[in-house]
C-alpha cells in the first residue's frame, strides 16, 4: 500500500475512495494520511468515517459528495467543524446520490454531461451552479444535467483480484465500476489475491478489468471498520464510538496518532485491533453462491 | 399493552402501506415500518433498498442501509446506477419514505442546512437519494417527530420537493413530467396527516393520548384539521410484539 | 408459450426480442408467426435470422435496428426483399449498436434522450431524423442524442429463472436488461425453472427482477439455432443453410410451413430436429464458475 | 511456402499491430489477423470483442462475433452498454478494425446502402458498431479486398467517417472532441496504404506478385504512391503455419 499511494496519489489530486457502505478502503485512506498528502479534492457519495478521518487529518481542501453522515449513527463532526459557521475552510460541491453516480458514469463514458430527472424545484441547482438544465431535443421538456467526474485516482476495495488487476466483487456494487473507469489511475485493494484461473472461471463476476488498473494491493481486512461481504461484518461498535472520538479535535487527533500515525501499516493496525475482535466480525456461517456452468466449446 | 410514541408512529406508518406494492427503503424508522407492514397489512410488499438490493431477507435488523444481512439471500443486487436509474427514475417504486430536519405545510423537506447554505449554522447530511425519491417515487410517505423546530413556516433549504407552493404543486409536477405525485401521508408521533386539495397538510387522525393542543404546540403554523378527525387505533398486541421481538429487539429506534 | 404470446403480444405492438448473438428467443418468434400477429414494429440491434423469418412471414410493418445480416455468413434475404428497390414495403428506422443500446437505456431510465459520441460527420442523422445533436450545457461542444425506446413487449431468453420471474444469465449479456426495464410487458423464456433458493444463493447473478416480468415460459432449447452458454452451442449449420432457404420466397415459405406452421410448439420442433442434432450441440465438457461465499449475517 | 492473396492480407494486417496494446475485434478477417499478431509481433495485445468480452481465450476459431468459445475462460464479460460506453467511447481502445463495401481516398467508409438510402439497389448491413469505432477508437485499421466497385471516387453513404474531406479531417475531429485520430492503415489483397499529410491514402507497400498496374485496375481513382514504395515481405512459414493450422484450419476466411 505504501508504494501504491506513494506512486499514484499526488498533492492536489482528485481522489475517489468509493464503495456504498460496503468495501470502503479505510487502509488506503490511512496511508494517504500517513504520507501527508495535501490539498486533495475528495469525492464520494457518502464521505463516511473515512473522509471524516482524512479531512480531520487535513489532507483535503474540497469535498464532492451527496450524503454526509455517520450512517445509522449520526454526524461526521470533523467535517462539520470545517464547513459550519462563518468561515468554512472546506469547499463543498454537493449533489444527490444519483447525481454523483451519473457524474462518474459520464466520466467513464467520456460524455460532456449526464441527464437525470433530479433537482426539479429544489435549491440544489442554486447551491451548486454545475447542476444545469438541459432541453430534450425531442421537444418534450427539460431535465437536469450533471458534469462528468474524472478522478485522478480511484481506489476500490474488492474481495479478490488476480495479479493483473482483474477484479471481482459480490454483494453491494455501489458505483465502484463507474468510478474506476472514470479515473486516470486505479488502485485495487483486495482481501485475496487469486490465480488468473479463478477469475477466468467466472468472467461475468469481473467488474474491473486489469486493463485500467495501475496497482493491486493485497490487504485482508483493509476495509475495516466497513465490511467485505463473505469475509467480515461492519464493525458497528467503531461507528458508534466515532461519534465521541470525532466530536472534539483533541480526541480526534489522539485517535489519529494512535491508529494511523502510530502504526506503520495495515498489518500493525490489525494486530493492534486484536484477533478476538476480528474473529467476532466473521460471518456466522458460509452462504455459498453455488456454481454455474459456462461449458467448454472446442 | 402500553406503548411508546415512537411505537405508535411506526405502527401507524406501517398501516398506511396497505395495498401498496413496491417500497423504497431507507434505514431506521422506515425500515421497521416497512418490515412491520410486510408482516401484517401488506404481505406482498416488495422492498427495494437504496443500497441496491431487491427482495432482501434480512436475518437480523439491518444496522445500516448497506448491512450485509440484506444481501445474503436477496433476490437481486444491482449497481447504484441501475437502482436509481432503472428502479427509481424508471418508475417502479410506488412508495418512498422520507424524513427530514424541516418540513413545511406543503410537505417540502429540508435535510441540507439550517441557516444560510454558504455559512450554515448546522450542516445536515444533504439529499442523498431524497430529492430523487421525492420526484420519482409514485407517492411519498413522510415519517417525522413533530416539534416547532421541525414543522416550520419556511424551510431553510428545499432539498426534496413536496407540493411546492400548494395549489400549483400538482400542475408543476405534471407539466415537468415527474412520475411522482408527491407526498400523500405524514406520520408523526402525534398523528397522521393527509394532504387536501390545496396540497396542504391536514390532520386526519390523532394518536391515543395526543390532543389538538399538543399538535399545535409542536408546529409553527396553524394546522388544518379534518372535520372527520378520528383517533388512531392503538397498536395491537400483535403489532407491538413484532416490533419488540423481531424488528427492533434492542429498542434502538422505538424507545 | 402459446398463452404468454396470446396474452401479451398484440397486433401493432413494438416488440423487442433481444440477445446479442446469444440467447435469441427463436421459439417466441415462431409462436408470434403461428398466432398471425400483424403490423408489429420489431426492434433489435441485429435482426438475425429470427426477424428474417418473422418479416418473411409478414408479421411486421417496421424494423428498428443497427446491423442487418446473417452474422459470419451473409445476408438476410427476406428482409432485403422488402426493403430494396423502388417500392420498399418495410419501414426502416436505423441506428448504430451503441445508439440502440442507448435508446433502451433511456427507455429503462425514463429519460427523454440519451447522449452519445456517435454519428459525427456520417449520413446517419440525415437518414434518420430522430438522431439529433445536443449541446453540452457546459459549453464544451455538441454530442448526438437518440430518443428512448420503450417496447410494448420485450422477450428475453435466459438460462434460468424462478417462478416469480427472477432471472439469471451468464455469458454474453447484450442489452437484455435495458430492453426489459424499458418495456411495458416482459416475457422471460428459460432453459430451466429453478427454485427461489437457487436465485437467492447468488443475487448478483440476477439481471432481471420478477418485479417487471409478466410471464415465465420454460422452454429448453428455445434459443435454437442461437445458443445458451453452458447449455448448447450455436447451430451454425442452420445459419449456413438459411442463406439458401431465405433467398427465394418459395423456399422460405416452405421452410415456414414445415418448421413453424407445421409444428404446434417448441417441443414438436425439437423432436423434429432430432435428439442426435441436439446432442451434437452440447458443450464438450463442463466449465464450472466456482462458488463464492456471501456469508451468513445473523 | 506458397500463399494466397487472403493469407498475405491477413499476415500484413497482423504485422501492423506491432506495438499496439488494446484492439477491438470483429469477426472474420480482423479476428484472424489480431490473433495472429498476438501469437507473433504483439504478444501483449489485449483483445476486446464487440460482443462484450475482454481477455478471451477461444478454444477454437470463433464462428461469429458472439461465439460461446470466446466467453468460457475469458477475463471479463460486460454488457453492451459498458462495452460501448466505458471501453470504446471511454477511450480504452487503441486500434479498431473496419471493413466496408465502399471506401474513398480519404478512408471514409460505406457499409449501409448501394444506391439511394430510401430506395437502395443493395441494402448492406448498416453501421453496427462501425461508426462508433471510426469515431472513438484511437486509430482505425481497414482490411478490404480491392476492386473498382469497392475503392470508389464517391461513396454512396458515409457510415463511418475517415479523414472526411482530407486536409480538414484532423481539424474537424479535434474541434468536435473525437478521441479517434481516424484511419491510419489500409491493408488490401494487393498492398498496404498509409495516409499522407492531406489525409489521403498512399500506397506504401506492394504485396509480392502485385503490380502498380494491378492496383490501379482495382480502384476508381489514381492512387498516390510513396516515393519509397517497398515490397511487402512474404508470409513466413511460421506465420502461414499459424494461420492454417491454428487460426483458420478450415480455410473459411483465407482461401
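Letters A, B, C and D mark the chains in the order given here, with residues in each chain numbered from 1 onward.
Operating definition for what follows: contacts are C-beta pairs under 8 Å (C-beta built on N, C-alpha and C of every residue); 3 or more make two chains touch, one makes a residue touch a chain.
Remember, it's a predicted structure, so these values are computed and weren't measured experimentally.
*Asks:* Which chains sit in contact with both members of the pair chain B and chain C?
*Replies:* Correct list: A.
*Asks:* Can you compute the centre-to-centre distance for chain C and chain D, using the mean CA position of each chain? Integer Å is fine.
*Replies:* 28
*Asks:* How many angstrom between the C-alpha centroids of chain D and chain B?
*Replies:* 57
*Asks:* Taking each chain's centre as its mean C-alpha position, how far apart are chain A and chain D in Å?
*Replies:* That gives a centre separation of 40 Å.
*Asks:* Which parts of chain C, given as residue numbers and ranges, touch two or more other chains?
*Replies:* 105, 110-112, 116-117, 140-141, 170-171, 173, 177, 201, 204, 229, 233, 283, 287, 294-298
*Asks:* Quick check on chain B: which residues sit in contact with 2+ other chains?
*Replies:* As it turns out, chain B has residues touching two or more other chains at 53, 67-68, 71-73, 77, 85, 89, 136, 177, 179.
*Asks:* For this entry, which pairs of chains touch?
*Replies:* All touching pairs, sorted by chain label, are A-B, A-C, A-D, B-C, C-D.
*Asks:* Within the complex, which stretch of chain B touches chain C?
*Replies:* Residues 22, 46, 53-55, 57, 59-60, 67-69, 71-77, 82, 85-86, 89-92, 136, 177, 179 of chain B touch chain C in their complex.
*Asks:* Mind pulling up the chain A residues that touch chain B in the complex?
*Replies:* 20-22, 45-46, 65-69, 71-72, 79-80, 83-88, 94-98, 101-102, 105, 116-124, 126-127, 140-142, 170-175, 177-178, 227, 229, 233-234, 236, 239, 283, 287
*Asks:* Once bound in the complex, which stretches of chain C touch chain A?
*Replies:* Listed in rising order, the residues of chain C that touch chain A are 110-117, 130, 132-134, 136-138, 140-141, 143, 145, 147, 159, 168, 170-171, 173, 198, 201-202, 204-205, 229-231, 233, 282-298.
*Asks:* Where on chain D is chain C touching in the complex?
*Replies:* Contact set of chain D toward chain C: 27-28, 50-53, 63-68, 71-73, 77-81, 84-85, 88-89, 112, 117-123, 125-132, 135-136, 157-161, 164, 172, 175-179.
*Asks:* Any idea which chain C residues touch chain B in the complex?
*Replies:* Those in contact with chain B are residues 105, 108-112, 164, 166, 177, 181, 196, 199-201, 203-204, 206, 209-212, 294-298.
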